[in-house]
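Below is one structure; the comments refer to it alone.
Chain IDs A, B, C and D follow the sequence of writing; residue 1 opens each chain.
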Amino acid sequence: MGVKPDLSVEIAGLKLKNPVMTASGTFGYGLEFEPFFDIGRLGAVVVKGLSLQPKAGNPPPRVVETPAGMLNAIGLQNIGIDAFLEHKMPKLKEKNATVIVNFFGNTAEEYLELSRKLDEAEGVHALEVNISCPNVKAGGIVFGTDPTVASKLVSDIKGCTSLPLIVKLSPNVTDIGLMARAVEDAGADAISLINTLTGMSIDIRTRRPRLANVTGGLSGPAIRPVAVRMAWEASKAVNIPIIGIGGIMSAEDAMEFVLAGASAVQIGTASFINPTAAIDVVEGIERYMIEESVQHFSELIAALET
Amino acid sequence: MGVKPDLSVEIAGLKLKNPVMTASGTFGYGLEFEPFFDIGRLGAVVVKGLSLQPKAGNPPPRVVETPAGMLNAIGLQNIGIDAFLEHKMPKLKEKNATVIVNFFGNTAEEYLELSRKLDEAEGVHALEVNISCPNVKAGGIVFGTDPTVASKLVSDIKGCTSLPLIVKLSPNVTDIGLMARAVEDAGADAISLINTLTGMSIDIRTRRPRLANVTGGLSGPAIRPVAVRMAWEASKAVNIPIIGIGGIMSAEDAMEFVLAGASAVQIGTASFINPTAAIDVVEGIERYMIEESVQHFSELIAALET
Amino acid sequence: MSERTIDYDNGPGKVLSNREIAPDHFLMELAAPFDLSRARPGQFVMIRVSEGITPVLRRPFGICSMNKDRGSFTILYRVVGPGTKILSDIPEGLELDILGPLGRGFDVALAGEAPLLIAGGVGVPPLFMLAAALVKNGKKPEVIIGGRSASDLLFVEEFKKIGLKALAATEDGSEGFKGYVTGILEEMISGGRAPSVIYSCGPGPMLKRVGEIAIESGIACQLSLEAVMACGFGVCLGCVLKTCSIDRPDETDYSRVCAEGPVFDAREIIWE
Amino acid sequence: MSERTIDYDNGPGKVLSNREIAPDHFLMELAAPFDLSRARPGQFVMIRVSEGITPVLRRPFGICSMNKDRGSFTILYRVVGPGTKILSDIPEGLELDILGPLGRGFDVALAGEAPLLIAGGVGVPPLFMLAAALVKNGKKPEVIIGGRSASDLLFVEEFKKIGLKALAATEDGSEGFKGYVTGILEEMISGGRAPSVIYSCGPGPMLKRVGEIAIESGIACQLSLEAVMACGFGVCLGCVLKTCSIDRPDETDYSRVCAEGPVFDAREIIWE
């Protein structure tokens, strides 16, 4: 098998060493993973969702385990765009990480102002706009589930930045293909999906929800079959690249998304359980390509035979 | 604790011994469970979905296991309404089972003709209309995801039968509350949810879907958090009773749905793993009521404190 | 779907032993939670390998042998994934939830004078139980066991113990006939030693070929098939196989491997 | 969220022993996959109890003791659910994935002349490690252990072994003081034997009361808290606790129990 397989892939005009990214909110600002591996080796680091102002988030309890998954209602707690650019960004640059900034607003205006700020910021390689976080009532769900609203927002954002724009979709919709087409038509450079499925868990002794926020976002292996299906439907609906997210614990899981049509993947909850999950997936995909004697990763994208 | 708790509950004008039913397609026609327990002890037996003509269903493979769940693409195989009424119904009556017939059509006309036939049939206590099975392209998904289409169908069905009508909703929608209101306004006597979430699984070595039908319905513990959330949202949206379904393996799981607002529950995939699951849940709920010193089951419905 | 008498049950059965008899192959003896006199050769059990929710589904295993005195039966399994891995780690003394006996077994009455048993890989278990039954009925079936190489040939010794010398077929020729089990079968037939009936269990492609040869040569043939199963007792309709009625081959239908099968007449099966 | 030096690591650690020391309470010794000299009293580890996906999350456990020669540490845990149940069944010799040492421990420098340790239930582990450290520094801390009844009092013998006589408080009076640990604390203070500092770990309500008493009497107090944790190393923001800055109590914030904690100054905590 001599030659080393080529894992590089281009997404939204951005050339990545490999197709493996971290999922926003599950990798902090990257720095907590220092002891585990060199984050510069990842395709990209997608940071915790940022807002204009720092956000305190929801009261605890914020997480609860579920069968093969977990619910979270963090409430988009974050240090705010300014603190990020001042304190975190320089460290990420030191590490030569490819940085994708995930952001959200409570109003269309906030989204646009953030886009402008990030457009000027140094070291930001691409933007991922969260129009789908189901945790905070005002935090995106309305944008993410109505095609017209979503497309208006996306085209406005495109007007505010020249950075590659990844639109992250919510799975809590009737027709993911429709949403995908809407944001593609609005100018999205790529689509990432899925964000969490809205769920709920109840303590039957106290008769209270296990999350202070009542509902939360379901993530982890449990949601993978739904995520793979949506990646497949979205990739059939649009021509822009799809980034697959949802319950990926291993390279084998990641390859399901790729064969279904994803050009890259993001590792979320898995990083909590196994801090080296993201880099393990990179190495696992390389092994898979050798076993399957595939030279270029791109040959595997949408290689599913139905 | 002397007195035996009262588990009886009334749904859609139908008085049930207890709030535990079997989920359609997971209990056959009830008879295969003979060796395990007396099905007459259940709140109700919901039989495998029936159509006008016998249906061959999808080619195999039809099932695949997923993390804490399974995907199925049975394709609504069934013996047809006539064979059911002739061969299965009499046996179910012998066993004094409360029988709820689940049915579906490929066209509105088929739904209506089935409703008329079932209205005249003997021993049918209630109907559950499946407008949500995600497996067969023509088999319901269109009805189940559009409020207008769904409400038209439901009101037409109500015109064809005087039997209590339970409408089974699909979880693959943006707003379950909207769907619930639509079918309530159309005259539904109760709502059952959730049917399966559409998912997909891929064999990365053969590069083929693990199901011949490509996509299938996700069921089992994995989907419970989503199901509980939808039961909660639906129960807040309507006044008719909700029947909670989705990943219930135990009485504790069932109680999450009840506290969230469900008046009854259905046991699905659990019956494959533990054939006595349904009756175990009945006994478990009774135990729970004793431990919590609750006399009447109805006191627990929607008793969630948020 | 044709009716049948339902005589399975579900309950806990203690693991009496669980040992590796060949690389990745384990023999487990279990206390039977059901009446052993009900079990027929070719039937199987559904075992819950974990109390937890992963793997969520039970796993099907053919009954390999029974010991009425000990009230026990054995399964012979190969570790191929999480479920069988967990099973292989289970210590003696633990109790497992067992559902069985399930499905339709082999028709022993068909045996005739010179029954032939053909096993491939983990197809051995149901055929070993069948062999024991036939011997008990005073028959002396021929047995062919196939595998990639000598090390894959399972239970040769056990067949000896019940007085049967199994012919071996290995793809690499490391033991017995070099080639497929069907090679031996064809030789037998061309050599005028056609069996009165063929009972077979093993990988799909092998069963397909065995069935074709049997049909061509007009030999009665029963094949035990596999399918991914969710319930194992006929309610999920997940395990179906495309079949036809023997006299009206154009009348096709889906049959449940767990209920109408796992044993089918070769002529009923529509291979895809 | 304040910055901190990151000195944890993740790796496999062999289970050296795992025995039940009291009903439902187990002591497990593990080979440390990290440099023990980094570990501070009050820190914890995240352990993956199963290679499978259920339970999907790791479980946090306080470091109870260290043995630098053996390169090992212990955890003392109570079986309360699936994760701890699986842990209790794990045989010697198996390797577990261990992430640690995590969080901010107790501030040993605060000890002063008469440090007091108050443990409730499974709050013992971090305090035992702290006691050992204090003793090593030539201190002789007072120790109070509380429980429902005598059988719930953990590690009394072990404290003896390091020369500390633990005072007991039991709700049913079956041993030592009848009532809560805080009863003893109040007696000490009213009796003019106020400690120089209080270190405590245990159930929320107990910690709350200990903190209140300490603040009222102007005694420095460090409390080790729990929260349901998804990651344990500061990235998920799932484990937060409402806190305020000591000098500006109106400046509230959410602090990560796994990163800014699990040990907090009593004055930082806003109880809800």
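The criterion applied here is as follows: a residue touches a chain if its C-beta (ideal position, glycine included) is under 8 Å from a C-beta of that chain, and two chains touch if they have at least 3 such contacts.
All figures in this text were calculated on a predicted structure; none of them were measured in a lab.
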Dominant chain pairing [most C-beta pairs in contact]: A-B
Label of the chain whose CA centroid is most distant from the centroid of chain B: D
Distance between the centres, which are taken as Cα means, of chain C and chain B, whole angstrom: 36
Geometric centre distance via CA averages, chain B-chain A, whole Å: 34
Chain C-chain D separation of Cα centroids, rounded to whole Å: 55
Interchain centroid distance [CA atoms averaged], chain A/chain C, Å: 47
Chain A: positions in contact with at least two other chains: 67-69, 220-221
Touching two or more other chains - residues of chain C: 53-54
Graph class of chain-chain contacts, one of line, ring, star, complete, other: complete
Chain D residues touching chain C - in the complex, by the definition given at the top: 52-54, 82
Of chain A, residues touching chain B in the complex: 66-69, 71, 145, 172-175, 197-202, 204-209, 214-215, 218, 220-226, 228-229, 232, 247, 252, 255-256, 259-260, 288, 292, 303-306
Residue ranges of chain A touching chain C (in the complex, touch as defined): 67-68
Complex contact set, residues of chain C against chain B: 1, 6-10, 48, 53-58, 97, 99, 227-242, 253-254, 272
Interface residues, chain A side, partner chain D - complex: 25-28, 31-36, 48, 56-57, 59-65, 67-70, 72, 74, 77, 79, 220-221, 249, 269, 271-276
